[in-house]
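Each of the next two complexes has chain A plus one other chain: chain B in the first, chain C in the second.
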Partner chain A sequence: MSASSSQALEYLELLPRQTHTKLYEQPSTVLAIFRCMLPHLAKSLVMAMLYMPSSLSAQDLDTWFRPTARSDKDKSISILEQLHIVVLKQDASRQNSYELSKGFARALRQALEGSGSHRSFGVPSSETDPDKVTVAFLDEFAQGQWENILFYMVGSTVGLSSSNALGRDVGEGTKALLRLGEFVKSTHARVSITRAGFTFVLQETSAQVWSLLIVYLKHADQLGMSETDVLSFLFMLGSLELGQDYTISTLSATQLQMLEDLYAFGIIYRSNEKAKTFYPTRLAVTLTSDAGMLSTSSTLRNKAISNEVSHRSAPNTGFIIVETNYRLYAYTDSLLQISILSLFTKLTTRFPNLVSGKLTKESITRAVKLGISSAQILSYLTSHAHPQMQKNNPYLPPTVMDQIRLWEYEGERVETTNGFLMKDFPSDAEYRDLAAYAESLGVLIWRNDARRMCFVDRVDQISSYLKKKSQK
Partner chain B sequence: MVKAVRGTLVKCDASIKAMLVDIDSSLRNEFIIEELDEEHVLVKETKIAELKQRLQTMLKERLKEPDTSDSET
Partner chain C sequence: MNAIDGTDRQIKTDNSPPPSLLAIVLDTNPHAWAHLSSTLPLRNALANILVFINAHLASGNANEVVVIAAHSHRAVFLYPTPKTPTPRNNSNGNGNGAANGDVDMNETGAGSMEDGGPKDVSISDNPNKYRPFAVVESAILQNFAALLDATTPAHLAATPTTLIGGALSLALSYIAKSTLLRSPLDSVVDNPLSALADSETLHTKRESLTSRILIVSVSGDLANQYIPVMNSIFAAQRKRIPIDILKLAGDTVLLQQASDATGGVYMKPDRPEGLLQYLMMAFLPDTTARRSLVMPSAGGVDFRAACFCHRNVVDIGYVCSVCLSIFCTSDLPSNLCLTCGSYLSLRSAQTNPPALVPRKKKKKKRAGGADSTTPGGSTPAGSGTPMHS
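Entry: the complex of A and B
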C-alpha cells in the first residue's frame, strides 16, 4: 500500500457503517477498495472468505496463522472490521465467527465475474466525438491545471510574482477549497501557504490529488452533494481508460455537479461545458493505482518557452546537485521548482537553465518554522537528485544530511502526539494484555510497566476490546 | 476500572522537561495533566500550542545563540 492510498484509507475508516453499506453497492467501488486500500494480508483473507458458504469461526482463522504473526492478523482484521467488510458474529454457544458483509461480497463477486447490469465501470460514449483528443493532450492539460494549483500555493509565499497574476488560472472554487483544507490562508488579499500546505506540495502527485479530494469530500455536504455519490464517482474514475470518452448520461445529479470541479483540478477533461461526454485524465485513472503517474519534476515553463513544442524530460530525471560545502545547484527553469527550492534554500543566482544557492542554518530554520520537516526536505532533495549525484550512496553528502537534521532539532525540542493515556489497571496481567494488544494494532506510543500506564494515539478499538473482554 | 485520559504526550529531554514543569508551576498548573517519567509528560490538548510558544521564549532567554554569521555567502 502506498502513501497516497493510505490517506484515503484513513478517511474511509472514519466513515459510519451506513455510508459503507451504500458505497459497497457499487462493484467499481468495492473493486477499487479491494485493489488499493487493503493491505496484502487483508486481501488474502477477503479472497479466502469470498466464496465460503458459511461463516469462518475465529478458532479456524487462528489456525491459519503462525503464533508469531498474531500482530499482523490483528491489524488486518481490525482494518477489515473498521471498513465493515468483515463482521464478527457470536452464535448461541458464544462462538465467535467472521463473515464478509453481504453487500461487499456480492459486489466484489460481480466485479470479478462481470455479472449484473450495474454500469458502475462507466459507459463509453456510443457516438464518435468529432473533436477527439489525444492522450498527450490530456496529459498536458492535467499537468497544466495541477501545476497551476501548486504554483498558486507556493508562488505567492516566495514572492516571485505579484499575487493577482498568480491566481489567474486557478478557479474560485479551487481557491476556496485550498482555504477550507487549510493549505493556504489569506491575509489582506495576500495568499500564504500553511504548514499543511507545505506537506501537501512536497508530496507525490498521487498523494496530493487524494489530499485535495479528501478536503473536497469533507465539504461535499455543504455544497449540497451526497458524500457517497462523490466517493463512488472517484472510485469509478479510477477504473476508466485513458483516452476514451465516457457518456455523462448515467451520472447522478451530484456527479454532474462534480464534473466542473474535477475539470478545474485537471482530473477530467471536457471539450466544453455542454459536452455530453468527458475524458478521464492520467490523474483520474491513477487514483486507485500508482502506475505511471505524471512526473512531478516536470515543468511549469515560462511563457516564452511554453509556446514551443513541449519537450518533456523523461520521468524521474533529477536536477539538483548538493555539494559537501552546502552549495546547491538546480538545473531547472521551472518557476514551480524554483519556488519550492527557495522555501528552504538561500538562492543567490539564476541563469537561464540553472539556479544556485546555499543551504544555510537560517534558511533551514525558517523552513522548519513554516512547518516543513527536515525529513521532507531531505526526501525532496533525494528524489530530485541529479543523475551525477545518484552515483553516490547515499545520494546526498552525509554531512549535509546530518546538519539539516541537527538544525531542525535545535528549533524543535519537543515531540508531541495527541491521544489517550490508559491508567488504573486492576491487575498487571490486564495491563500487559492491553499493552500487547495496542502494540499489535500499532497504536501504542509509550508504555511504563512499573507504573502500569500506556499511551495510545487511537482509542476506539481499544475501548471496544475492553468492552468485549468485560462481557466474558 | 481502566481509565482513558485525553491529552497530548510530550516527549523531550530531561532538561526541557524541567523547563516545562517550571512554566507549568509558574502559571497555576494550567498545562500539565501528569508527569509520566523522565522524558514524558501529559499535557492538555488545548494548551499545547501555548506551552510550546512559552518554551521557545524561555529557550531564547536562557540560551545564548552562538554567532552564526557566515564568512562566505
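Entry: the complex of A and C
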C-alpha cells in the first residue's frame, strides 16, 4: 500500500456495507482493491482463505501468525472487516471463525481465473481506429491537462495568470470541482489557493489524481451519478492497457457522463465528443499502481527516455538539490515547478534549465502563513530530490530539515487532533488491554497510565472491540 | 520543541513492501506426471499453478514471475519467452546438468529481461481477464506446448530423471540479473565500478527486489545431480534466496536439504489434489510476509549425501582428505580421487588395525622449580615469580 492509495482506502472504508457489496460484483474492482488498497499481510490472508473449503477459525489464524506480529495481524483483520471483505462468524459452539464475504471471494476468483462473462476489464474496440494515437501523444495530453489544473491553482497565488503560461484554460466543471473540494477559494473573482490546495499541489501525481477523484466521488450524487458506478469505472480504468482504444458501448449511463469530466482531467483521451472509443492515459492506468506514474514537467526533457522504459521500472527522477547552507538548485524550466518552489523559497537566479535560490526564515514563515506546513515542504523536497541527493540517507540535509521545522514551530506550538477521550475504566487491566489494542491499531494518540485515560483519533473499531469483549 | 530531536527525520515512511520475484521451477518429467495422472493430471496442476501465478502478480504491483520447466532432457524458460529459439541440446541426462543450464542462459539472456516477452505473441483480447495475467498465461501455455511437442520418445527412453540442477541455475542467474537491473542507482548501468565503490550505502538503503524460488517437484532420484544441485543450493543460500519445495511425489533427500539450507518452505502433501490451497496458503506469502507468519518447514531433514562415484545416497562413506569428495567405495581406479586426482590409499588403514600406542609414563614433576625452566626469565618480573612461590 502506498501513500497515494491510502487516501482512497480511507474513503472506501467509510462506505456502507451495501455499497461494498455492490462494488464487489465487478471482478476488476475487486482485483484493484486487492492489489492496491490492502496491506501486505492482509493480501496473504485473503489469498490463503480464498480457496479454503471451510471458514478459518480464529484459533488457527492465531497460530498461523507469529506472536511478534500480533499488531500487524490485528491491523490487517480490522481493515478487512471495515471493507467487509472478511466476516467474523460465530458457530453454535461459540467458536469464532473468519470467512471471506461471498461476493468478494467469487469476484476475486473470477479475476484470477479469468472466468465468467462480466467483461469488466474493458472491451477493446473491435474496429481499428484510422487515426490511432501513440502512447507519447497520450502522455503529452495527460501531462498538459493535469499541469493546467495545477497551474490554475498555483499560478494565481504567485501572481502569474494561467492564461499566458500554458495557453489552454481549465474547464468550468473542473474549476467548480476544485472549489467544492476546497482546494481553491475565489474572492472577488480572484482565485486563491487554500491549505488543502497546498497539500494537493505538493503531493505526488498519483496522489493528486486520487484526491481530485475522491472529491468527484463525494459529489457524484449531486450530479445525478451513482457512486458505485463511478468507483467501478475508476477501478476498471486502472486495469486497462495504455495505448489501446476501448469501446464505450458497454458503459453505463453514469460512466458515459463521466467520460467528459475524465477527459478534462486528462485521465482519458477521446478524439472528439462523438467518438465511439476512448483511450486511457498514463494517469488512468496508474490509478491502481504507483509504478511508472507520470511525473510532472520536471522530466519533460527525459520524456523520450521515460516512454521507452517499461512502466514497471521508470526511473525515479528528481531535480532539486538542497545544500546544507540552505541553498537550493532546481534543474527545471517548468513554470509550474518554479511557481511551486517560489511558494517557500527565495528564488534569486533563473537560467534556461536551472533556478537557484535559498530557503530563508522569511520565505518559510511566509509559506507557513499561507497555510503550508513544514512537513509538506519537506515531503515535496524529498520526493523531488535529485538522484545525486538520493544517495544520502535521509535525502535532505538534517540541519535543513530541522531548521525548517523550527521555523514553523516558532509560529505554532500546539498541535490539535480530533478524536475521542476514553476514561473511567473500571479496572486497570481493562484500561491496559484497551490501550494496547488501540496502540496496535495505530489510533492511540496519547495515554496517561496514572489517570487511566487515553485518547484515540478513531473510535469505530474500538467500540466494536469492546462490544465483542462484552459478549464473551 | 521536543518533537525536534532528529528521530523522525526520515519523512518518507516507505512501508510498502519491496517487489518480489518468484521463480517457479516446474518439474515436467513425463514419467512422473504419467504416474500421477490418476490423482492430479498435469493439465489440472498447470491450471492451478497459473492461478497461483496470477495471485502472486496481484499481490504486489511490481511483482514479477519467471517460470522454468525442468524437463527430462533440458531445462527451458516458459516465461518470459526466450527471444531466440533454443537449439536442441544433446545433453542426455547423465551429463552435467549445470553445463546444460549455462548454455540455455547465454542464449536467452539478452531477451529474457524484457517485460512479458515478445510483443508479437497474439493474445486474445479477453475482456474477462486482467491483461497482465493473460499475457503471462498465454506465454506459458504456448511455450509449454512447444516443449512437449519437441519431446521425442527417444528423449524419454534415455533417462527417467529431471534436470533440476540446470533449471535451478537458470533461475538463480535470472534472479541475479534482475536484482542487478533493479538496483536503484542509475550509475550501476553506466559505471559498474562506482556502484562497487559505495556498495555499502547501496545495500543498506533500499531493498530492491526480494526473490524466492519455488520448485514443484514430482520426480525422485535426483542423486545423479547431487553436485550441480548442491552448488545451486549454496549459491542460493549465499544470496539469501529461499528455495521452497512442493514435493508432490518421489523421494525427498536432496530437495529437503535445499529448503532447509536456504530457509524455505518444504511441503510434501499426502494428497496432491488440493494443490491450489497448498500453494495459496504456504507458498504465496513472500519474504516480507513470512516475517510475521509461521511457515511450514521440513521436520526431520535427511542430510545424507550422494557419493561422487555412483551417485548413490550413502549413510557412511569415504571422504577424500584433500577435496572432501564423498565415495561409497574404497577401490577407486588407480587409487586417485575422482574429483581432485590426489593419491588416496586406504591400504594402510585397512590392513593394519589401529595400533594402540601405550601411554608413556609421565615424568614426575619437580615441585616448585618447574616454572623456572620456562623461557623469558630475563625480565625482572618473570624472574621474580619462582621466588615467591
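One rule holds in what follows: the second predicted complex is superposed on the first by the 403 of 472 C-alpha atoms of A that agree within 3 Å, B and C clash if a C-alpha of one lies under 4 Å from a C-alpha of the other, contacts with A are read in each partner's own complex, and residues count from 1 in each chain.
Here, contacts are C-beta pairs under 8 Å (C-beta built on N, C-alpha and C of every residue); 3 or more make two chains touch, one makes a residue touch a chain.
Model, not experiment: these values are computed from the prediction.
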item: Contacts of A:Glu241 with chain B and chain C, given as first, second, both or neither; value: second
item: First, second, both or neither for A:Gln95, with chain B first and chain C second; value: neither
item: First (chain B), second (chain C), both or neither touched by A:Ser464; value: neither
item: Which superposed partner A:Met453 touches (first chain B, second chain C, both, neither); value: first
item: Chain B versus chain C as contact partner of A:Gln18, first or second or both or neither; value: neither
item: Of chain B and chain C, the chain that contacts the larger number of chain A residues; value: C
item: First (chain B), second (chain C), both or neither touched by A:Ser186; value: neither
item: First, second, both or neither for A:Thr348, with chain B first and chain C second; value: first
item: Chain C - residues contacting chain A, complex; value: 1, 3-4, 6, 9-12, 15-17, 51, 54-55, 58-62, 64, 114-115, 125-131, 133-134, 137, 181-182, 184-186, 198, 201, 204-205, 276-277, 280-281, 284-285, 288-289, 291-294
item: Parts of chain B lying in touch with chain A, wherever the complex brings them together; value: 1-13, 16, 20, 33-34, 36-37, 40, 42-43, 45, 48, 52, 55, 59, 68, 70, 73
item: Complex interface listing, chain A residues touching chain B; value: 346, 348, 358, 360-362, 413-426, 430, 434, 445-446, 448, 451, 453, 455, 459, 462-463, 466
item: Partner chain C, residues of chain A touching it in the complex; value: 1-2, 27-28, 31, 34-36, 40-41, 43-44, 47-48, 50-53, 63-66, 68-69, 72-73, 110-124, 239-241, 250, 288-291, 310, 312-313, 315-316, 375, 378-379, 382-383, 387, 390-391, 393-395, 398, 401-402, 405-406, 409
